[in-house]
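In this document, chain identifiers A, B and C correspond to the written order of the chains, with residue numbering beginning at 1 in each.
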Amino acid sequence: MRASSSLSVTTRRGLNEITAEVARKVAQSGVRAGLATLFIRHTSASLLIQENADPSVRRDLEAFLSRLVPDGDPLFTHVDEGDDDMSAHMKTALTRTSEQIPVVDGRLALGTWQGIYVWEHRLGSHRREVLVHVSGE
Amino acid sequence: MRASSSLSVTTRRGLNEITAEVARKVAQSGVRAGLATLFIRHTSASLLIQENADPSVRRDLEAFLSRLVPDGDPLFTHVDEGDDDMSAHMKTALTRTSEQIPVVDGRLALGTWQGIYVWEHRLGSHRREVLVHVSGE
Amino acid sequence: MRASSSLSVTTRRGLNEITAEVARKVAQSGVRAGLATLFIRHTSASLLIQENADPSVRRDLEAFLSRLVPDGDPLFTHVDEGDDDMSAHMKTALTRTSEQIPVVDGRLALGTWQGIYVWEHRLGSHRREVLVHVSGE
């Protein structure tokens, strides 16, 4: 059994939760035991599985990564699209483009505290596409 | 063919090897050609595939990452669970939650020097759960 | 349907594009709907999906990562194989060993600007092996 579909996510900079939307795709697939694969079709936004309990974790992740990879770093030569463009590519490189989550008993086998996020690295709001592929029995 | 199971790993901070345990799950699955998918159900410990020859590599990886993301960084506001909590989330974000390894001739197709690790980012010893999903023929 | 094969890539430090080679493997597999899984069998070179339009993005990614993880960092104790060895392991830990890309209509479902790269972290030229596993219908 195999179901492939696409999620469209309107983001703002930082972590944008998509756990419920992915869970819905898994439920619709009818797969009871297998794998869900996520793939983000962008190079300046990434995927992350992280704590979804305390919002301060998400704020701190964003603050830390933005200090580690600052907008407008003087090292960058690719600057035509703005100060947040090259930093966004680098932040994407340090996080994830694809992610796999086992499906057990028809549900995402996430840990108690795990949520799924699109990490938007550009300023402003963007439309991002995440492919969701579910396979199994 | 599809086999899904779970590994329980008792960790201490740093890289905890699980190559033999994962190899055993692959052997038990009976899959000769396919994929092994690993998924760690936590947000303050991660997965890594790295050199398993010289232990100094593992020590240096831990030392570098702990300097890059220091415990108790004054930037962090999520501090209730201790100085090692928010740094552990950030280190997990910079490494991996899922990993895929092809299975060839009934074995993990790791390179000569590759081992599989749970990277514990918190102080003290913890019980961590890694899902192992093997599919193929 | 399942096809497993191997790509041999001659690299130099930085991002070495393999999009066309991977696309060829997908076409040869005959899979129309499914997943392509990439796995690099090394611990000092990694995989990355990033922008393949402007070469300045690749140069900036390399420059930034090499400043973040400098060759010969005095912290490193694993130094026998040269100044670029331990930094290469660390850079690999911060990027990716496996990557998954959905296959839709017989093609890699990459975004408009996405290319697939082997990120060589050692100096000089190396032969790297990337396993390509395609499954689906």
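We take it that contacts are C-beta pairs under 8 Å (C-beta built on N, C-alpha and C of every residue); 3 or more make two chains touch, one makes a residue touch a chain.
Note that this is a predicted model, so its numbers are computed, not measured.
If you draw each protein chain as a dot and join the dots that touch, every dot ends up joined to every other dot. Fitting subunit B to subunit C on CA positions gives a rotation angle of 120°, reported to the nearest 5. Comparing the residue numbers each copy contributes, subunit A and subunit C share less than half of them at their mutual interface. Here the CA centre of subunit A is 20 Å from the CA centre of subunit C.
For subunit C, residues touching at least two other chains, in rising order: 68, 94, 96, 100. Those residues of subunit C that touch subunit B in the complex are listed here as 2, 4, 37, 39-43, 68-69, 73, 75-78, 86, 89-90, 92-94, 96-98, 100, 129, 131, 133, 135. Against subunit C, the residues of subunit B that register as touching in their complex are 33-35, 48-51, 54, 56-57, 59-61, 63-65, 67-68, 94-96, 99-102, 104, 109-114, 135-137.
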